[in-house]
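After this come two complexes, each holding chain A, first together with chain B and then together with chain C.
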Partner chain A sequence: MLEYTLRRILIALPAIFGVIVVVFAMVRLAPGDPAVLLAGEFADQATIERIRERFGLDRSMPEQFAAFVSNLAQGDLGRSTRTNRLVTEDLAQFFPNTLELAFGAIIVALVIGIPAGVLSAVKRNTWVDALVTFIALLGVSMPVFWFGLLAILFFSVDLGWFPVAGRGTFSHVVLPAITLGVSSTAIIARMTRSSMLEVLDQDYVRTARAKGVLGRTTIIKHALRNALVPVVTIGGLEFGRLMAGAVLTETVFTWPGVGRLLVDSILARDYPVVQGAVLLIAVSFIVVNLLVDLIYGLIDPRIRYD
Partner chain B sequence: MKRLARLLASLVVLAAMTAWAAAQTVVIAQGTDAVTLDPHDVTDSPTATVVSHMYETLFELQPNGDIVPHLATGYEVSADGTVWTIDLRDDVMFHNGVPMTAEIVKGSFDRFLDPDNAFTFRFLLDRITDVAVTGEHQIQFTLSTPFAPLLAHLTHNTTAVVLPSYVAEQGEAFGEEAIGTGPFEFGSWDRGTRIDLETNDFYWGDVPQIDGVAFLAVPENTTRMALVESGEAHVAVRVPPQDIARLNAADGITVENVSSLRTIYMYFNHTLEPFTDVRVRQAFNHAVNNEEIAEFVLGGAVRPSDAAIAPGIFGYTPVGGYEYDPERARELLAEAGFPDGLETTLYSPTGRYLQDIQITEAIQSQLAEVGIDATIETLEWSAYLDLTRQPAGENEVPVALLGWGTVTGDADYGLYALFHTSQHVPDGSNRAFYSNPEVDALLDEARVNTNPDEREALYAEALEIINADAPWLFLHSETQLVAVNDAVNGLVIHPTERVLAWNVTVD
Partner chain C sequence: MTNAATETTKKAPQRRRPRWLKRLLRNPLAVLGFLIIGFFLVVVAAAPFLSPYPPADQSLRTTYLPPGTGVSWGGPEGQFGLWVSPATRSPIGGVKVDESEAYPVKFFVRGEPYEWAGGLIKSDLRLFGVDGPVRYHLLGTDEQGRDVLSRLIHGAWISLFIGLISVGIGVGIGVPVGAISGFLGGATDMVVQRLVDIMLAFPGILLAIVLVATFGTGLGNVMIAVGIASIPVYARLVRGSVLSVKNREYVEAARAMGKRGMPTLFRHVIPNSLAPIIVQSSLQMAIAILFAAGLGFLGLGARPPQPEWGLMLARGREYLAVAPHVATFPGLAIVLVVLGFNLVGDALRDALDPRG
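On to the complex of A and B.
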């Protein structure tokens, strides 16, 4: 297993290097100039030139890339051209917030999605199944923005149960986690349902039933456990997606996460922060995928890593 | 005895009430987080708002347009206009207890002016060639040329006095915390969410009546308004025009409507046909009904322009603008050789200014009525700035919407960079490539003439000529819409687009 993990990490390195190259090139190929932006509507050419020099933007692309890679090797992602803060400090501050929200959302998604899917499968083709399917469909198709704003207006402004926005206490995380988790919940519920249906049709489940092992035990111990592998795959992908930052949810709830940091930085052509954030997202996506693969082994002992 | 008891009881109640009142933190919800707390490096209004509570300038531009001494007590200008002697207050202390001296003030200006620091607003003071200490509380600026707007420029929030020893101590991290002289001290900064400031009990002026100020960064309009509606914030800036009626109807909330020094306009590119012809430019101005746009697109929350700069700016004179007259517009187009109308492209940002793209769409439909077939091109802001500042010959943007905030409150800032021939992009901000030697001469003269009455007359003449030349499609000056909880008194919504809680009390 250790060897497998190491091999996976080695395989990931070229992918990460690819991400670095692509991001580095893309931010610079996009129209717009960070120096012009920083200088604003007011600037004269001399000011813009000075700003360009200050951030090394006057150097050639290969020179800038070489500097970026050699600094990166020393764990230095540079300073934001917008705030002059160390990019590593910014990420260290925003990433835990993103993790907090992503965990909240994935917990919502698993706690609601898996039971709903199981229920839907067991009560196949009844009104319960139809209702769960309908709600799931609604969950996937509802715009996050709209759902979040409605949640604020109803639960925060009208009822006063939760704070409107911001971060800090447990009650701050409730509405954003639900808002962000809604679409994942729906996806996980649908996945669990179809996976369960497949398993429930298997011979061993029928045998268990025939033996008289009935009801909840069959469903949870025999069926659900075997139905979990695809659910874990989807759950892992969803979690990876959530960690990449949830710009809309973060914007609606004023949640200081990586998604908003990234979008703000792209709009400001803040190259160092964009590079750092994308790199972090890529690495965390790779890590999550690796973890998912390792979890398979825990769920299904037939899966081996040698 | 009974009376004494009653007196004691009322004292207890009073003390409790004061304690409660003193525990007030005024919460202001803005659209974005501060970018930095380095006052010299500020380029946007939300950041300027935060920094203005901690750092102070030598002079202050009051909301009514008056300039009064602030950290200074007075000034004197030499006969030739090139030496400015400024007396400083002797009772000012930084938040760490260091008293403000002329040496410190000099250090602060030297930092602002150092070309290596590349501060965006350095140009405000770039005529200063030397800063000298001439007394314990007196400094002297030597200028390369006489420069009348200097006093106005010394009110700009980026020229605030910093403590050089603190700057040196903090190094690159200087903008992350703050030690200034202002009525509030830095408390904490939760990036992307909230900045907390505490009252400076040793402030040289009137110590604020509140416990502190907090600034929330809330990009989404509906969320920002919901914060005021739920009582979590006292103040929310940038109220969307469609929400004014609803918020005013809500209990205990009033939407304040304060004019801003920002003018919104579309400029015509004078290097491109057909905008080289003044009749075409005038035709556009007659074809567009900016009063209708103000009323229906902006909910009456702006002021249609009658000059290239807004009222409240020194040098402003109403020169009329253009009457809505589609018939006249068609005549002018015919005279210019376009009896069947013409085609053009209107460039517009989206979301940069209040209802910007909606304004452009309204203009498009009004132009269509006189036979001008305009297509709209929108670009993300960074690309937009870049494209519109290409040099003549490469610049292919014919008409574009922009805004200009004359944050110094002086016409020089609002006219020179936009209309002087030396300021054609990319050197300056004259994106229209407008050039009129008469206007150049007037603006040059108003720069060096230190007599306010004469300056005013010079600007009035320049505004007249600019109006007649119609280098812009004149639109409106913006209004700041700020939702304020009725319990808050004394909030200043400054024309420079800053919200100031210096003298706020909460009922």
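On to the complex of A and C.
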């Protein structure tokens, strides 16, 4: 297990390194003087020169990269060109909100997706199955921002059940979490269906059925326990994806998360914040995937670590 | 002679449709998907003929008109069909419909002249229009009084084009890279797969956002960005299927006969990975259209006054409570098209799966 864990971590490291390179390259590849991009378009000459000095922008690329990594290792991502706040401070403030939203969404997805998938598998090739399949396809075909707007229009503007935007109480998180969770719900429902069908087709389940020793509900219960293993994996991967997918949902609901921070910063050409947000989202995605892999090994003893 | 004749007639039915195609056409969801895509292609091909007005035509006296304002079934004297009465909006009085006048909607009406297909087609004929000095808006108007239906119709090609270009980039680069990586193995494979890992570390729309943030916003960059974002998906997919066929007997036979690596790869290995590539391309069209609309919505894609659906939705969002139809219809259009490609992709996967 230890060896497996270490190996998985070793595989994740090049990806994290690659993400750092990409983030480093973003500012250098963008049209314009990197020093101006990092200082902001309204900065005076002195500030630009100070930035050039601090990030070593007049030195060679390898030297610049070394400076970038060394700053990064000290937790220094620079300052926002709009607010002059430390990028790390911004991220620390916004990231928990994104996590909250992603958690809400994954809960929605599991609570709706798993029963829908089980129902679809048990009622295989009936109209129920076809309906679940169709709704699931509709779910992945829907632009989240459109679904969010319709939800606001109906539940907030017309019915007045939930606040239109913002974050704070539980009722604030309901609509954004459902909106963000729609496509994951669909994916989890389909995964549960196929995984359930596979288990129901196993010899031991068929034998139990033929003997009539177990009731239908018992079979489903037992089958579900085994069928859920891959579903947990997909759920974990979805969680990672949701953190990035939150960009659109956060914009629709003006949710103060990293995704919205990223988009606002791109539109304002606030490059230090853009770099920080991209780095944070990508690295957390890698870390979540790594954790999912490790947990997968723990819950399914059939996985061999070689 | 007679024998030979009967033999040929017997042989004829043997050229049946392949089994996967039969399976595909028997699936009602697949047929629905093809119908949706077909409808969409017709709309793209005949946009100015189908749309009532040019997409940028504005009228500040008819802003935010709800769908079908002034349009009614039956004429003033009980005639059959759609009739249109002039409607205006004023800041104080709101929407007013002047019911003393009414004009019929007719097929093949001459309207404003248009050029299409790069100036090859010049005409002023439209499939339907009002016969009279009045405008009609079946899906309402937006904040500048532009006809929402016309903008939707004229925006269709943008979505299709984005899908095609980005799938083209994904297939054009991802397939050879993945194939070579899987076929050669060793250090090449190692390096390529680590690069793919890095690209996949930017989940979903994030990679496209990073590229647009770096190289600038706008429709052209969005197409390229969404295309690049799909490269790792194809590379992984093709590598996997190349690995699974690489050691099959017919490939080894080709090698044993002295065929060199690359020709073998392109003659024997890639054609056998075609099924998953086709399935993925249909699903990827759907993803690309969604991503591009998302970028348009975020203000990173198409720019006004382009009738791109995501952008229209974003504009509509600003006055959602006043004129919800402006945001609703572009969203519906996106759902429909994306659903079409997803239905086809999904059904293709089932049909091509040999276990099915």
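Operating definition for what follows: the second predicted complex is superposed on the first by the 242 of 306 C-alpha atoms of A that agree within 3 Å, B and C clash if a C-alpha of one lies under 4 Å from a C-alpha of the other, contacts with A are read in each partner's own complex, and residues count from 1 in each chain.
Convention: a contact is a pair of C-beta atoms (placed from the backbone, for glycine too) under 8 Å apart; a residue touches a chain by one contact, two chains touch by 3 or more.
Just so it is clear, the structure is predicted and the values come from calculations on it, not from any experiment.
J.: Once chain A of both complexes is superposed, is A:T251 in touch with chain B (first), chain C (second), both, or neither?
T.: A:T251: touches chain B and chain C.
J.: A:I152 in the overlay: touching chain B, chain C, both, or neither? Say first, second, both or neither.
T.: It touches chain B and chain C both.
J.: Examine A:T83 and indicate which partner it touches, taking first as chain B and second as chain C; both and neither are also allowed.
T.: It touches chain B, and chain C stays clear.
J.: Once chain A of both complexes is superposed, is A:L37 in touch with chain B (first), chain C (second), both, or neither?
T.: Only chain B; A:L37 stays clear of chain C.
J.: Does the superposition put A:P62 against chain B (first), chain C (second), both, or neither?
T.: Neither chain B nor chain C is touched by A:P62.
J.: Classify the contacts of A:G75 with the two partner chains as first (chain B alone), second (chain C alone), both, or neither.
T.: neither
J.: In the superposed arrangement, which partner chain does A:R54 touch: chain B (first), chain C (second), both, or neither?
T.: first
J.: For A:G160, decide between first (touching chain B), second (touching chain C), both and neither.
T.: first
J.: Which partner does A:G212 contact after superposing on A: first (chain B), second (chain C), both, neither?
T.: Neither: A:G212 stays clear of chain B and chain C.
J.: After overlaying the two complexes on chain A, where does the chain B footprint on chain A coincide with the chain C footprint?
T.: After superposing on chain A, chain A residues 30-31, 149, 152-153, 157, 251-252, 267 contact both chain B and chain C.
J.: Touching residues of chain B toward chain A in the complex: what are they?
T.: For this pair, the touching residues of chain B are 32, 35-36, 38, 41, 43, 115-118, 120-123, 172, 175-176, 190-194, 216-220, 222-223, 226-227, 229-230, 232, 379-383, 385-387, 389, 402-404, 417, 423, 426-429.
J.: Which of the residues in chain A come into contact with chain B in the complex?
T.: Interface residues on chain A, with respect to chain B: 30-34, 36-45, 47-48, 50-51, 53-54, 79, 82-86, 90, 93-94, 149, 152-153, 156-157, 160, 163-167, 251-254, 256-257, 260-261, 264, 267-269.
J.: Under the stated contact criterion, what part of chain A meets chain C in this complex?
T.: Going by the criterion above, the answer is residues 11, 14-16, 18-19, 21-22, 25-26, 29-31, 130, 133-134, 137-138, 140-146, 149-150, 152-153, 157, 240-241, 243-245, 247-248, 251-252, 262-263, 266-267, 274, 278, 281-283, 285-286.
J.: Given the complex with chain A, which residues does chain C contribute to the contact?
T.: The contact residues of chain C facing chain A are 29, 194-195, 197-198, 200-206, 209-210, 212-217, 286, 290, 293-294, 297-300, 310, 313-314, 316-317, 320-321, 324, 327-328, 330-331, 334-335, 338-339, 342-343, 346.
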